[in-house]
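Chain naming follows the written order as A, B, C and D, and within any one chain the residues start at number 1.
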Amino acid sequence: MIRFKAILMIGALAGATAGVALAQATVKVEPASVNGPRPLAEQTAQAVIRDYLESWQSLSAAFDQDRADLLDADFVGDARDKLAQAIRDQSQMAVSTRYQDRAHDVQIVFYSPEGLSIELSDTVDYDVQLMDHDKPLGTQHVHARYLVVLTPSELQWRVRILQAQAG
Amino acid sequence: MSDGSENGGAMLAVVLIAATIAFVVIGTMWPTKAALAYTGGQGLTSSSSTPEAAVQNLGDEIRASAWQKAYDGLANKAQFTEQEFEHDLKGYYPSLRTYATLDRFEVFPLHASDSDAEVRLKLYWSSVVGISEGTRDLHVVRAGDRWQVEWPIVKKPVVPPQVIPVNYLRWDVIYRGAGDDWGAQDVEAPHVRIVDMRPVERAEGVVILGELLNEDVVPAYVSVNATLIGKNQQPIATEGSFDKISHLLLPKQVTPFLINFPNATLADVGSVRMTPFSTLVPASADPVIEIDNEKLNPAPDASLTGQVINQSGQVVNVAHVLGTFYDSTGHLVWVADEYLDRALLPQTPESFNIHIPEDLARQISSERTIVSTYSSGGSV
Amino acid sequence: MQKTELLERSQRPLPLSLLLMAAVAVHLPLLLMKLPLKSYDTNFHIFFASHYLHHWWDPWNPKWYAGFSQTTYPPLPQQWVAVVSHVLGLEMAYMAVQLAAILLLVVGVYRFATLWVSPRAASYAALASVFLGSESFLVYSAGQLGTTAAAPLYLNALPFLFSWVRRGSGRSFIKAVALFTAAAAAHHATLLFGSFFFALPVLALAYLDRDEDGERVAPPAFFARTLAIIAIVGAAIAVVLLPFWIALIHYPVTQTPIPHPSRANYILSPQWGMNYFVVPYGALILALPFVFWRGSTEKHLRPLLLGFWVAFLLGLGGTTPVGPVLLGRAFNVLTMERFSYWATLLALPIVGVLAVELVARFRMRAAVSLTILAAFTCALAVGWTTYHPADAEDFDVSPVAAWLNRDGHDQYRYVTLGFGNKISRLAMMTDAGSVDGEWNSGRMLPELTRYGGGALTSSKYFGTAGLEALRAMLMHADHYGLKWVFVRDEYYDPLLTFAGWRPVDHLNDGTITIWSKDGVPPAQPLNAPQIPPHWQDVIWGVCPFGSSIVAILVLLIPEKRRQAAEARYPAVRDGELGLGRMVS
Amino acid sequence: MRTPWAILLGGVAGFVGQLIFAQSNQLTLPAMVEAGSAFSIETAGSGQGTLYVAGLGQVIRKDVELGKTAWFPAGSLYDAGRYVVILEASGNSESGILDVAPQTKPASLSFLARPSRLPIALHNGITGAVYVFDAYKNLVTAPTPVSFALSSPSGAAQTRTVTAKDGAAWTAMDSTAKQGADKFVAEDDDIASTRVIGQVPGDPCGLKMTAKPDGDKVALATDPVRDCSGNAVPDGTIVTFTETYGDTQSTVDVPLKRDIAAVEMPAHNGATITVASGVILGNQIRWEK
């Protein structure tokens, strides 16, 4: 009985830890190393990184709930289309994936001269859990460098390209 | 069931019926405000026993759009038809006045004798763009025991037969269809610039005055927003120029703008953030409007008066005159406007009168006037 | 022997089945034709119902006024429409609920009338209610589902009230409480004013009759029972409509009054006299002298007559000074046609007596004449929607809804101009939100409440007030994410042009122009403090609808066979009406 | 299930599964594949299994026979990125990582050229930024040379070649001295994208009008209106004539037509007439009959 209680407590602690981890990934922002003539205002940089990090929440929710419409707020263009395609794929196969970002190391690398795009690189640590008909198949930790292009919309920056680099 | 109480019952019936009739009579003889709203302000007890009462009745009838009744009561109705009378008030061509309703009116006696009188009738028309005023000085004559109005009819203006070539420029825009436009050929918005801006404190709040220039080579559809930023760097309020601007600017054209911030005080404002918007739109350089005889009239009743002349062959249904006022050093002092509620016919002058606040009139030494127009199509 | 039977038959009430069949025969075809859809408010009720259909547990409706709470309007009929719509669809569900209200009215009028007149006269009154001009006017021209659903519930509650105060019947007490509460959940104004016009006369009758049927009731007991039922009903209504009261207390209706032609003087403005007096009363106008005479001369009818008289005077709107004096500010908030409706319901028992006496005296001639007059009255009120339609022109709003629902247009709010009461229908069909709406008491936006105009879509009809409200709203378009204006009336074009809006598209063969403003940010949910907390959502979802279920259940409790009318009019025999079986 | 607990439990299950598979080492993945190319995955053991390939752009599920090679034909996996591969068999699973690289040959360019109109002779006034994509709309991240060329109708051209870094390249160029529509071309390999840049005259320079009597009016006309480089100011540009006489004034906004603005105004003896365009003032005339 005591043993059972101990297991429960450990489980609860682990759950709480997982919950905290779910809510907040660690974020490190490197000083911008901007390729381009346009000066990058501090507020713009902050807004871009904030909107980009929020996009991971949308991405995670969209894959988790099989709802491509949840991408609309933060993704646009090819990035939105490709993510939506993946959600359609998994939905058709009754497969589901859960993405949980753990750490980001972000650096702005390009600000196009006309101000209509910002490219950043993000070295991300995240977990992917795969399930088939709600049966867990496994969770894989992934470490990857992403190249991300964001473009401005009426209220925020939205992700237009989200691509992990090979190797 | 009838018993000794039948007499009392009969009395009750009589009392209730009598009271009902009395209430109806009272309500009809002295209608409530809510009821009067549906009669154009007229009760049953209108009489024309004085010159003012005759004009008051006429005003009520115009307000109720009771054209026939109003026309029938005129002393000089033989000089024009009922239709001409109605058109005189509502316009011969579609204009703001055509669809306006008389919101209220005021009657001012000017002169009176036993047989005739002069009475001023000030009419406040409710149009889609706001209240517009009109004044008629009426000659009222005695006819037996009542008075009748002689209506100073203004007959339909006659435009002489002529040929007016329409050869002005027009810009068309080919828009991209719906869809993602990133990284595709685009035509950007026209370049506009705020060339002057000044915040002013007025009794009703803070007013932002300014001028906006289209410095591009294409027409621009413009508007200006202003945000008052408090001394703590927090926004206080955001307002737009709304109709106190000429939204269509041809290349190198300048418009004044005025933005109202009711209930704000300048003392609370740390800075003002101006946001001009411009969009590329199809436009025509026609009609060209000439502004003649502009004159600054000093206080009291300070105003800018003049005439606008439509140099094109197209009827302009609504004209909006915007005046920009400067002091002797060329600084912006005020922006004011007036809608003309009569259509502008080709080559036919139409007067305007823009009111200037008395306290500012003394500072004003020069002005610039522009006209924006609305046409629903068609020519004379 | 045969003569006696004939006499007895001539004193019998008309069977309830016949009365209900008459109601079905008259109103079912009209409802199947969906005639109420042409009325002023039907689409408004269906719009509310559609929200309950999709968001039963969330009365916050973001589609009008940039968000408003439906707890500002008692929900019972609309919730029933939502429930029935699962089977019939929204429009036919509305018709079904309206038909149920009409049938309940027949029963209610009969039961109410039996308190005052003989069962035969009461059955004539019930039959007259089928043809009642004011009922048809409210159903087919005004579309007042709330009023026409609450009144029958209220009328059905009154005999139980009488039975309780007169005899102390506990079962009647429970039934009265249940029905009064359900009536309040259907329409609050009916309950408030019904207390004065209906309940007070019934209480007065009970007091006047306190010695009549051998069961004497002492005045202290009478008053104690009266106070008890007032307290319990008050408490029940307070709980069932708690979110409504909270909304009313926190956000009282302080907006500038909106003109309504029912407040006109019907003599000075005869067109409104036709609309609000001749049409609702119809041939009943001919009976008014008799109503006054018989109501006065029969001592026990006097409370009924006085209730009728006050409602009658108030129903005359601005024709008399009674309305402004008695109602004060409420005169400029309420619409007056409902008072005429209640007045006609109060007159029906006496009209039933008139009909009985006319038939007894003139037989077939009277029957034929009364039938013609009743048919004329009903036909006039039903046909009035054609001669005085709520909408000048019918048009299809589905292209507008389709336009709003595509290409992300619904990220912004919209307003229509010249759409009349089609805005409810449009709101049902689109995902986009509007800053306009048809429920004036629910709106909180200062641009709308300050000036005294009604719906923005009809701004021009409210003169300066309406246009000022429209200008104020367009001025703050950025704040509300208002990017689209759908215009079906060129009157507004100059304002939009000079205010910086541009036409961007056309719909319905160019009869509707879409205007847009540049630089407007997408609409954001307004953090309105009037959004009800979750516990209110639960109350709103459970209590009002639950009150009607409770009312149905308690009506199944058998009543001791005793009717108020028996003492005065013993002619009624068991089983003749079947009414007791149905409602007891 | 959709709670942190689910993920935690799933993680524990996956970890245990991985331990089991790690011992058996049933899954062999290629180090990297090019987007859209065919590839294979080796499996060990025997029996049936299911292979899952999941990335942000694609998810593939394939039934495989353990111990045999699972073939993925060309075009199966085309979205560049990092994929999680899981082999599930008999309730156990093994996972790994598969990288898909973009193709090296560009197939399309996103060319952001601004502005679409600008005044003539503006240094670095024209900018262009290019993102290079392969046939599957993957950003080509390998360094690749992008050439930019701005050519005017007269034939003069400016060219630059820039190496794209992280898939992006940019340049800035001067607007020419002559008005007209220039072509701005970005090219990578044999893929080109063209934008039209309108080079428009500057503000009017030396605005001058003349006046002559015309009945009871005065006919005013400007000389052909040019900018300081001699380019004609476009037709439609507004020229404002203002006539001041005594304490009154007349104003007309007239659009240029065929380089000239002309208007008739009331002829008042002693009136002063001025001409302006935007904030540029022209000459002044005092009208004497």
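The rule is simple: a residue touches a chain if its C-beta (ideal position, glycine included) is under 8 Å from a C-beta of that chain, and two chains touch if they have at least 3 such contacts.
Bear in mind the structure is a predicted one, so any value in this text is a computation, not a measurement.
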Those chains which touch chain C and also touch chain A: B
Comparison of B-C and A-B by number of C-beta pairs in contact, larger one: B-C
Gap in Å, rounded to a whole number, between the CA centres of chain D and chain C: 60
Geometric centre distance via CA averages, chain C-chain B, whole Å: 41
Intercentroid distance (Cα basis), chain B paired with chain A, Å: 56
Separation of mean Cα positions, chain D and chain A [Å, integer]: 25
Chain D residues counted as touching two or more neighbouring chains: 112-115, 131
Numbers and ranges of chain B residues touching at least 2 other chains: 182
Interchain pairs in contact, sorted by label: A-B, A-C, A-D, B-C, B-D
Complex contact set, residues of chain A against chain B: 76-77, 116-117, 151, 160
Parts of chain B lying in touch with chain D, wherever the complex brings them together: 167-169, 171, 182-183, 185-188, 195, 213-219, 250-254, 285, 288-296, 306, 311, 367-370
Sites on chain A touched by chain D in the complex: 11, 14-15, 18-19, 21-22, 35-37, 59, 64, 78, 82-83, 85-86, 89-90, 93, 95, 97-100, 109-110, 112-114, 116-117, 119, 121, 127-132, 134, 136-140, 142, 144, 147, 149, 161-167
Touch list for chain B against partner chain A, complex: 180, 182
Chain C-facing residues of chain A, complex: 154-155
